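For reference, the structure discussed in these notes is given below.
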Amino acid sequence: MAIIEGEPLALPSGTPDDRPNPLGVFARPHNATGFKDWLTTVDHKKIGIMYGAAAMFFLILGGVSALLIRIQLATPNNTFLSADAYNQVFTMHGTIMVFLVVMPIGAAFANFLMPLQVGARDVAFPRINAFSFWVFLFGGLMLNTSWFLGGGADGGWFNYAPNNGIAYSPSSGIDFWNIGLLIAGIGSLTGAINLITTVLNMRAPGMSFMKMPVFVWMTLVTQFLLLFAIPVLTVAQVLLMLDRQFDSNFFNVEQGADPLLWQHLFWIFGHPEVYLMILPAFGIVSEIIPTFSRKPIFGYPFMVFSGVAIGFMGWGVWAHHMFVSGLGPLSVSAFSVATMFIAVPTGVKILNWLATMWGGKLTLNTAMLFSIGLVTQFTIGGLSGVSHAIAPSDTQQTDTYYIVAHFHYVLFGGALFGFVAGMYFWWPKAFGYKLGEKLGKWNFWGMVIGFNLTFGPMHILGLQGMPRRMQTYDDAMGLNLWNFVASVGSFILGVATLLVLVNAYLSSRKWKAAGRPDVGPDPWDGRTIEWSIQSPAPNHNFDVDPVVTSLDDFWHRKYAEDESGKIRRVATGAQLAQPGNGEGVHLPASSYWPIVLAASFPIIGYGIMFTLWLTIPGGLLLVLGLYGWSLEPADDLDLPHDHDDHADLAGVGASHD
Amino acid sequence: MFTWGPKYLFGVSISALIGAVVYGLVTGGDPIGVVSLGYKGGVGDHLGYVMLIAAFVSAQVLCWIMVATRDGDAEVLAQRVGAGAVPPVQAPADPSYWGVVTAFGVAAVVVGLALSSLFFYLGLAVLMVAALMWLLLAWSDRASGDPEVNRVVRDRVAGPFEVPLLSLLAFAVVAIAFSRVFLAASKTGATVAGGIATVIIFGGAVLASRISLKPALMRSVVVLLGVVVLAAGIVGAAAGERDFHHGEEHGDSHSIDEGEGE
Amino acid sequence: MSDTAISENAHDTAHDHDAHDHPQEKQYWVIFAILAVLTAVEVAWSYLGLTGPALVLPLIVMMLAKFFLVAGVFMHLYFDLKMLNGKYFTWAFAGAVVLAVIVYLVVFATFHFRFAYFG
Amino acid sequence: MTKFARPTVWRRRRGPATLVQDMNASLTAARGRRGVPSAAFALVALLTLSACAEDKPLNTFEPRGPQAQMIDNLMTRIWVIMAIVFVLVVGGGIALAIKGRVKAEDFDYEDLPYQRHGNDKLEIGWTIAPAVLLAIICIPTVATIWKLEERNEPQELDVMVIGRQWWWEYRYDVDGDGFFQDANGDGVVDDKDIEWPLELALDNDDLSIANELVIPTGEQIDLVITSGDVIHSFWIPRLNGKRDAVPGRIHTWSLEADEPGKYNGWCTEYCGLSHARMRMSTIALSPADFETWYANQMLQAELPEAPAEGEVASPEWAGRQTFEQVCASCHVVDTPGFEYAENFVAPLTAKAAPNLTHFATRSVMAGAIFSQYSEDPTGRLIDADDDSFDVSNYLGLADEGRFNDAQLRRWISDAPSQKAMAAEDQRGMPAFPQLTDEDLTNLVAYLATLD
Amino acid sequence: MTDVTVDQVVDHHDDHGGGHASSLGLSNMKLAFWLFLGSECLLFGALISSYLLSKTRFITEIIAGNPNVVSTMPAELIQEFQEKGSVEPMFDIPFTSLSSFVLLMSSLSMVLAHSAIVKGDQRNTRLWLGTTAMLGSIFIGGQIYEFTAFYREGLTFTNNLFGSAFFTLTGFHGIHVTGGIIMLLSLLFLSFQGKLNSSRAETVELVGLYWHFVDVVWVLIFTIVYLIP
């Protein structure tokens, strides 16, 4: 970071006073279409979509590993996976799902949606935004190359010391885990800075804090959590790297080190992490439920402040993952109580969503169903969360399948359901057509049934004493039935999850076959200003900056009270929407350098792991990236500056699907 | 898109690489060593091999810079500047001193071969830098007919390297010089030396900010200061480190050999 | 009902600030003098041969004083926070600082507790 | 609701038959009284109770000692509260969705529902209500946390539990000096007094056994838990919750069993390759039996009789010879007249292998995954439940004929094929391809004498 | 800085009327920089915690006489550690006090540089930038000296917990200072090339923020590591 933030200061280009740069050294790329455009784009919408696509890719990886787990556990004493393979599979499953699926989907929505919702043309630092994505992607890919280079990490997703040390895990799997996530973390950090700056500084005129959509608020909280949580993980990982690669002693018990240091560092990061996985989903359903209940969100200030409160409280509860690590009763009591009280702000949210639905006229389409799915299933996960926040009962439950059930209910039943809801909801804004409702219903019910069939029984398994991370179990333990049920469920769930992608594919085909009919700017009678522009969102977002006068601004423009005090529709969304004419709008040009710069990190990473020689080309590439970055002119000089030339750009958004 | 410059340089670099490999093999290098830059296995005759690899690297770097800058094509540049016409190419206005530096580098390498590897590597570094800068200068000199423009061209390309690297160099020289002085002095001596240096620098700055010195005088003072620091550093380095053993008061020494720690 | 809790006009706050709010050079010198004195006292204190809280507490207090002086004046935090919508950011900032301190104390309580309850 | 309370007589496990009746009763009662919510409530009841319906050796719902009972009592209340919230919120959500739904085509844009923005009183209400509820739960929670930390005076029987990859070592402080190693210290166990790394010193006055912890009933046994390599977690669900075994740290925990029996457990902190095969069991013996067991364990193992001149050596004797050559670099059998190297440390990352002095008095081996007495040819622990509990096994009275030697042979000749281990990295027992069939027979014969 | 901020984009747009002002009245760059520093706080917080824990454990083991630990350093040092019950005998407080003082002083010269550039006073901007960089270099020179001295006395990065933790924490800080110095000197070079006029006062301010931050971290390290060993 220091390099990125610091270095360019020293460089003589790109300053407002010597722009436009007369020498055009390192001209910017200017392809508006094709894959090269995707590689060089700095458009927040495309970057958001790429985050989403990458997450889907990793979801399949994580999902396949989940299914491997379930196959292995379907029957007792199964030998489908060896102990070693099993350990790698569940570690990589957890790691992929958390860091490479849920976090990037959150980033996808934040990137795609947040600038639209605050009425901005792009994020504050578009090139850094692209860099964040690429560095995340390369970190994630590097992590997954471990499968082919000596095996994946085998320490569990929280990788406790000293089991993560070179003595106990001599293969390079954990190095991949460590360095891959370190790299991905750089992306999260730069992304957080970028997005927070955008929310704080680039809101449309009139959009005060209390007029921001709930999703924007949740993005803000999430990114603050990231901003502060990532460095703590970074420190843990750096210490581990120093231990593994450079023989230091941070987790060397023989030298008197305390392995709990790792646990504290990891969970100080880890707990804020779980909230930063759920809050974007909370934000999403806070947009969907009011829209399809045809009512404003119930208790907006409470929604906002409970989100902020969760963000704050999330920092004070990490040791609930360590109730049996031997902290001593005082700490355990303190953390137990603190954890229980997180149920309060979360409960406010749940109940406010219910109250929003109460008395509404509900349109139960797929997006809404998934949202309701989140509300109910997250509650189940939250309640089991509270049951192990009670420390004594956690001594029975921790590290059993009861915990596995808890976190899949909050992560899959909560976060992922919310994200799928969001995909159905904003798909038209991104791609210009709706996802099929019929398949959507199948999608939803398949997922609900598969999900509960998979993870519901895990509550029972856990309470019957099945510890987690078990490669196998014995016949005599009485665990056969529910394990088998869970395995069956997981396949239903897998197929149902795939339907999201199938639906996207089929709907797009149908749409194209029908000659790409216009879905209209406002297909759902939406409430926030992203619905006031064409679908798919034009490259330049807003023709003119929107001026916001109230919460749910767009809705208030469509509806007004008549003389009798009755609320009537005064205009449709299509009537009010901006026509999507980008004339006179100047957009930041694409750039090669984010991806070049990002590519240097994994090379350095491999160098640290295998041979320090490799860090030299990696370092050179890094320097080259920074060099190119700093030399790049602020604008693409090849794009003529006359204002009428930008109409072609506006069409770009529509050309992908 | 690819003008003759990069193509030419690319050719040069590839020949240098092939040359390096062949040379390495011929002079007894290990095949793996030769292709892995000596990571595993020997590379044969070091000097020649390294020179050829250095040529390869610098040609590559320049090649890609030229690709990116479209070979500094004067027409393109002029178009961008909005100038109507391209001034005719002129002979470079200033004599280039990179030749001297290169000669110095070669000398250092030769001396280094005979005396110490430090000189050898220093010489190599100088050679690399000189080669790069010289080529860059030559290239920018034919960018346009206007030496002023040419200088700007050069600066734009070199600046992002030059400025931070020079900064790093300046910083490293000062910091290392100070550390040598401290290391040579006694424990108390180090503190005193540091204190004096601080007082001089900060006091000087305060003075300078209050009174108005002639720029020339200022410059000489700064240069003088630099020379003093450098000289002190060299003297310190030459004096060597003091004896380290814990707690200077107790006589019995317990210094640990360098190797032992690792 | 909801829009009044915190309202702030995004446009009004944008104003040029460099010139007037910031402290003048003289203040910088004063702050520096205070910092220097604090450092001197700190070092002297560490030579008194005290142990336990008598050593640690005053040092921590002085350390924090230095910390906030640098952050507040040299880094213009006091002025910048005031210039932003003062109340909101100041509270958020203060909240974060308090939280950080608590978290910190708790970690250390945790690590040292082991010695106390054993036996 | 009373269905959730634990039966007051908890010492006896409830048979499946009564449970099914209970469940049926609760279901019908629920259906009759409160419709949907009660049905959901009953569903939870069903799921919860179904946990007890079969033999589940690790079930967390079957407390068999005061600590586990304490936890269970606390949990019972929590389940009730959770069930209520569950029914209200999930049921409410579904009900609202069903009630409020309007087909998208039927929706009339001119006829919006009432646009309520919120209701401060309501919202404050449902902020405060859960808070109060939780505050109430906090009280017994915190009380239980502290109660679980209550320990005996240090003089009583203390056992040190050491997690190893991938088995458990138990050391009894026989001489009561507060140490588990040698007798030259004083005072209680404190971080400072534990010598690290914990090595198996042989001039040991104390007792070291593996995999099976034996305790007397009716008495709180204090455990001192640590680890020799990575973090493990000690857990006997029916006696108490778990506590991590962290290398370099000493944690305490207590166990108490009300009745003699076998209480199984499983290492619950992920500890590497064979985490899944690191189980444990605790044997509670009546105080009198415990004394017998203890006295027996304190004896050194006898040496097999040496063959007289010209006689053919007995298999036991031959096995003993092989043992000394091959196995004694890691395993200890404390026998008279045999000198081990001072400060014997096994060449393992864990620094120790199971002490085999009284190997034949244990009913399980190798991280409690195989049963010595199993009739199953695979040796798997098919009799994990207390029904198999046979006191005589532990008192050195076992009928030798029952010894499952097929499994033991497989183990000795190629342990890594029986249990995932990384012997090449000094974690776990290596394979011994060089041992002949005869060697194996001899070794098994010798091991069978170790009672 | 060189990133194409949307501010610039908006600049363009402003020509045609309308467009965003920054909602908070801070530039994006400055806001982002503050956020970055906030995140750095956590980085150093975690590093300092790790140091404190490791050092405490080290001393505990030394006092307990753990042979694995005791054998990692010269007996004489160990003995002093044991006597004092702390790692204090390792440190050279007078010298480190001087270093800390130097760093504080450099903070002053940094603000002076900033106020000079705000006033458009090129000469003093250069003077103070140079002074700041010079003082920073003395600090780093001191750190090189200290590291070498420790190394010679028998404390290395790999030999025990204290060594690992000490070198990691102070090394991280040292790298930050080095980065700061390079930025300062680069500014100085730019100033000589005439590319640093008052319109770039914010650049100087940002480098200044970074510099003060690094100073503030040292304020913490000095007290926590050196004065309260």
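Note that the chains are named A, B, C, D and E in the order they appear, and that numbering of residues resets to 1 at the start of each chain.
Going forward, a contact is a pair of C-beta atoms (placed from the backbone, for glycine too) under 8 Å apart; a residue touches a chain by one contact, two chains touch by 3 or more.
Please read these numbers as outputs of a predicted model, since none were measured by experiment.
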A-E compared against C-E, more contacting pairs: A-E
Identity of the chain that, by mean CA position, is farthest from subunit C: D
Most remote chain, CA-based centroid, reference being subunit E: D
Rounded Å distance between subunit D and subunit E, as computed from the means of their C-alpha atoms: 50
Distance from the mean Cα position of subunit D to that of subunit A, given in whole angstrom: 38
Separation of subunit B from subunit C, taking each centre as the mean of its C-alpha atoms, in whole Å: 42
Residues of subunit D engaged with two or more neighbouring chains: 117-118, 120, 149, 191, 196-197, 249
Multi-chain contact residues (two or more partners), subunit E: 21-24, 26, 45, 49, 53, 60-61, 66, 68, 101, 105, 112, 158-159, 182-183, 186, 189-190, 193
For subunit B, residues contacting two or more additional chains: 155, 163-164, 167
Of subunit E, residues touching subunit C in the complex: 21-26, 41, 45, 49, 52-53, 56, 93, 97, 100-101, 104-105, 107-108, 110-112, 115, 118, 201, 205, 208-209, 212-213, 215-216, 219-220, 222-224, 227-228
Residue numbers on subunit E that touch subunit A, as the complex places them: 1-6, 8-13, 16, 18-24, 26, 28, 31-33, 35-36, 38-40, 42-43, 45-47, 49-50, 53-54, 57-58, 60-61, 66, 68-69, 72, 157-161, 163-165, 168, 176, 179-180, 182-183, 186-187, 189-190, 193, 195, 197, 199-200, 203, 206-207, 210
Complex interface listing, subunit D residues touching subunit A: 47-48, 50-51, 54-61, 68, 70-71, 74-75, 78-79, 82, 85-86, 89-90, 92-94, 96-97, 100-104, 107, 109-110, 112-120, 122-123, 126-127, 130-131, 134, 137-138, 141-142, 144-146, 148-149, 165, 196-197, 225, 229-231, 233, 235, 237, 240-244, 246-249, 251, 266-277, 349, 369, 380-385, 420, 425, 427
Sites on subunit A touched by subunit C in the complex: 203, 205-211, 258, 260, 264, 268, 299-301, 312, 315-316, 319, 326-331, 334, 550-551
Interfacial residue positions of subunit B with respect to subunit A in the complex: 36-37, 39, 64, 68-70, 76-77, 80-82, 152-153, 155-157, 159-161, 163-164, 167
